[in-house]
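Here come two complexes built around chain A, the first alongside chain B, the second alongside chain C.
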Partner chain A sequence: MADQLAIGSRRGLKPALPLLLPAYLWLTVAIFLPLSAMVFFSFMTDLPLAGKEWAFTLGNYAAFFSQSLYSTLLFASLRLGLEVTLWCIVIGYPAAYVLAKVLKGRSREAIFLLVILPFWSNGLVRIFSWAMVLREGGILDTALNAVLPFKINIDLMYSYPAVIIGLVHSYVPYMVLTCYLTLQAIDDSLIEAGRSLGASRRQVLWRVIIPLSMPGLIAGAALIFVPVVGSFMEPRILGGRTGTFYGTVIEDQFVAVFNWPLGAALSFILLAVVLIILALAAPVLRRAA
Partner chain B sequence: MRMPRLTAFLTATAVFVSAFTFAAQAAEEVHVLNWKGYGADEPWAVANFEKATGFKVVNDFFNSEQEMLTKIRTNPGLYDVVMINAAFNDQAMAGKLIQPIDVSKLSNYADIAKDKAGSPMLNHDGKVYGVPWVWGLTALAINDKSFDKPPTSIAEMWDPAHKGRVIIRDDAVEAVQFGAIASGQNINDIKDMEAVKAKLTSLMPQIKTFWSSENDWNQMLASNQIDIGTYWSGSADRAKTHFKLPVSLVIPQEGAVAWLDAFSIPVGSKNVAGAEAFINYMIDPKFYVEWVTKVGAPVSANTKAVDALPEDAFNRKVMGSPEVAKRIQFQAPVTDEQREKYLALWQELKVNVK
Partner chain C sequence: MAGVQVANVSRSFGAHKALDNVSIDFADGGFYALLGPSGSGKTTLLRQIAGFDFPDAGRIAIGGESVERVPVEKRRIGMVFQNYALFPNMSVADNVAFGLSVRGEPKATIAAEVQRALDLVQLGKLGGRKPHQLSGGQRQRVALARAIVTKPRVLLLDEPLGALDKALRVDMQIELKRIQREIGITTIFVTHDQEEALTMSDRIGILRDGRLVQEGPPEEIYDRPQSEFAATFLGDANIFRGDATGSGIKLPDGTTIAASTGASVPAGAKASCAVRPERIRISTGAAEPDPAGANMLTGQVSKRIFAGNNSTYFVDRDGQTLKVIVQNTGAERLAEGEPVVLSWSPDSTVLVAAA
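After this line comes the complex of A and B, so read on.
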């Protein structure tokens, strides 16, 4: 039996090669080569365009450590990533639970569609819609004042909460989808068994449902945390004067001041920090999963 | 004997035909790179130019001077005409991004004000690298609904009454030069950076958000979210004339930053003749008068164009007045070191605001 398995896996690679080739070729051309070029740029003093002189340097990486500005911003971005992930769990997990365990048939499909819907619209359109809702005299302000007997002034636009709202809205579907998949896979009889053996609803949640759906939670959290730390569009449009984050500074280096080497170096520092965080969290997460 | 000759003949014909069609194709289009909504992309202007010359105009836009430089650096040969602030002309020329212009082909060039045409920022080694188009000010613009009487001093931006209703552009150089004027310094020779920093630091809590395009500014004003902010004179005129917004330009007594916008032809342009025709059309008095009346514009560098405006026109009366000329400071080129220093200061200010 064991021999057969071994032969099977040895045979496996060769026939699989033609199937793998397109994907790996694509990854090489579209991801690996440009990324290597960026690594190369990050060690250069200047871009070799228009016959400019350039040399190799570590200065771009040193710039990160010599100015407190970048580390301050990186911490702000990591905090933003954590907060957005947390809110996505708070909002997304119960929604996924209801979708997986409570709703059935048509109503589940309808609710599912509503969760997926933001995915089908352009990110910029979503952000500008939020701008119309959140600003003073915007939809939220007008609607609340029309209903409430007293006058309140809601102006969330150009603030930290506005950035959080915009990002949570963009990323919450990831959390719903990943949690839905793991929650759906939990056998209902396990929950019934727990209940019949005397566990309270709360105990069933903490001892059965959450541990079993942990892989989905973790996958969702990683899918959300990583892009949010590097986000720049939402902070720039919704954040106003408080919208400066690590991602916007990287964007500035590429678009505004044409300092690609520094922008590339800052990006790779971010990549390294995110990888370190994920690596540190790996043992804990593996145990939990 | 016959075969090679026939082959040679055919090859020559093929080369000739392909060269001809290539030239014809390339000659049809003039690719223009400019700010969005800044004259060159007006539909009526494009239509007039296309009708008069037979060239087809293809517009592309940028949101900052650095983006413009990035676009011509990374797309060599794509653009035929590019609008460059004179203070950036040096940098573009040194980077071999733009080529000398044969001004004898531009019939309107002779009417350009001598001080603008002869600007050392646009002329290098006796060659012209930029044709002055319009000039204007980075001054203040106010929301007419928020003021009974227009303010006269730049200090209005720091007035606690406008807290959270002030807007400035997200641009390091502009912010630092604005700080220099507010602290009574020469924008091209800032001696006391600490004073600039202190001024801007105290301005930060007043600010609602940063703008980067005219559209941002106009939308903030249209939704009545701002009282006062830095703005370009041409843009303020356009907001008033074209978009009918309650905006007034204020040239503060402390002064304002003046800039000169010019047209250049990038190296590798496939249609230099079309580019020359387009630039000549852009500095034509007829185009300018129509632009000011229909849309609103900065001040033309062409003296005949300004003289063609009505006597009481803002661009002729106020901007042309010697009293204003004394107050304004023309922007000189900024070196890379200065720019990086300004950017570092600006980023620090933006981070500390949290």
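After this line comes the complex of A and C, so read on.
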């Protein structure tokens, strides 16, 4: 990486410009322009539609600080992000380990397909199928009652656990994939070397495998944490009344209340908070990786 | 320190027999080479001893203690891998310290032992480096230091010098031998390089298709190979095939070759004779006569390769090309195309049963 950068700067950017131009154009059109429009909106009193009056204001940002509801919801969302990320690690890392180090050939391909499958199904379909599984009289409830000799009521629908289950299911493939990539790059002879030096399987795991797969864990965590903090679909559909989070409030501003300026301001505050968290975590994570 | 006993060990992968009833006794403190072509089961045998893989049948003991049910980490072995297998995330010192640190040794002891091991492999000043900052030879030394710092009972090396260039390999051979003598550890060294096996080891075991072909000191295997394969795999040999006569063989054209060493093969059975190229005398036939009873053949020089201290002649004879190596004594050199007489003593001829 450093070598490539060094070569790039030695030769100068000029020869590469024709090659980079399409990418920069795309970034400008797809990201920079809409984002600038949103920054602009976030400082307005109202949308400039249908000849409505508008003026510049800091009020949308001030709203976040004056009403404790927003910061409470932001904390709830950060906690949700953390919990979902942890569950993804707990479920995804062992799965990635089995895929990379235990399974071989056909069975590896088959399991891989199962892991990737959620990626290929429509997000809404995925969430509604969870709704069918989790609700009272739903698939899980019926199945458990068919097996168990006593009657239990399983109604996870519209609860915090339901939101967690839905989000973990949506995002765990990221963790499996990033960890799989770093794990399968670890030479088996390193594991054998550890064992031959007297380390138990567990010691090899903690001292060799986990440190070497840290980049994958970190990449997976970042890929999951950020979107989960702003998520709104899973909380709304699976969480019901308990599913009010920072992301659903932002969504409300755009699709229900039509207060785009407030929605935009809340989004940028979220972006700032996430960036600050990542910046604070960076030195610690870099040392770990 | 301890010897290793391998008794009747077999290991199959599917229908393929990677090890077929192998028995070897590795003496305490000895330097043992396992030699064989690629795929002959050398690595598989080493892995059974290390405990990375388990035999289908047979027994393995280290220091008299049966280890079939002992996991790798409890066998107290040291292993050097062909690709070194250094932990890339740790410094050289941490790599060497690994085995002591998982045992929970006190920090001060670890530091002292690590320094001693690094000094032994002459890398005392490089403890702070990361493996990727080292040359191939240096990585090799770190791998060795890491394997011996825990004071294992046996040192296992799987083609440890295979990735090094020729000059460095020779240096490392000497170095490895020095260290092995210094700590007196039982060493099992896998190689497919016959020269390496000859120069380094006290004993050699030759493997082929999962079977132990021959086992013994290098001189014994070289001077008295028990099969065509052993004769040609360890060193060079001219092979003559014919029918056993009781004191040698008779070639298809009627020529007899006398052999006074090797197996006893009943007269009439198929048998072969092996002769080392440097044991054959080559001349124009005009000079002094050969001693009575010497084996004698005539042929024609087809090629001569001059290598400074010696020359190799390829001699065509009855559809067979024989190889003769002659020391450079300043005597007259033979030209290509010249008719020559080859002669050698029956003492230099080894009789083996036909392959």
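What to note about this one:
Everything below uses one rule, namely that the second predicted complex is superposed on the first by the 278 of 289 C-alpha atoms of A that agree within 3 Å, B and C clash if a C-alpha of one lies under 4 Å from a C-alpha of the other, contacts with A are read in each partner's own complex, and residues count from 1 in each chain.
Here is the rule we go by: a contact is a pair of C-beta atoms (placed from the backbone, for glycine too) under 8 Å apart; a residue touches a chain by one contact, two chains touch by 3 or more.
What you see is a predicted model, and the numbers here were worked out from it, not measured in a lab.
Model built by superposing both complexes on chain A: chain B and chain C fit together without a clash. Once the two complexes are overlaid on the shared chain, A:E136 sits against chain B while remaining clear of chain C. With both structures placed on the common chain, the touch criterion links A:A199 to chain C but leaves chain B unconnected. Residue contacts after overlaying the shared chain place A:N122 against neither chain B nor chain C. Contacts of A:V255 after superposition on the shared chain: chain B is touched, whereas chain C is not.
In the superposition on chain A, A:S189 contacts chain C only, with no contact to chain B. For chain A, the partner with contacts to more residues, out of chain B and chain C, is B.
Applying the stated contact rule after C-alpha superposition, one finds that A:N153 touches neither chain B nor chain C.
By the document's definition of touching, of the two partners only chain C reaches A:L212; chain B does not. By the document's definition of touching, of the two partners only chain B reaches A:L69; chain C does not. Seen from the CA centre of chain A, the centres of chain B and chain C span an angle of about 150°, rounded to a multiple of 10.
With chain A used as the common frame, the shortest Cα distance separating chain B from chain C works out to 45 Å.
When both complexes are aligned on chain A by C-alpha atoms, no chain A residue touches chain B in the first and chain C in the second.
Contact residues of chain B toward chain A in the complex are 64, 66-67, 69-70, 73-74, 95-97, 204, 207-210, 223-225, 339-340, 343-344, 347-348, 350-351, 353-354. Interface of chain A with chain B (complex): residues 49-52, 67, 69, 72-73, 76, 135-137, 158, 160, 240-244, 249, 252, 255-258. The residues of chain A lying in touch with chain C in their complex are 187, 189-190, 192-200, 203, 207-208, 211-212.
Chain C contributes residues 50, 52, 71-74, 76-79, 81, 83, 85-89, 98-99, 102-103, 146-147, 150 to its touches with chain A in the complex.
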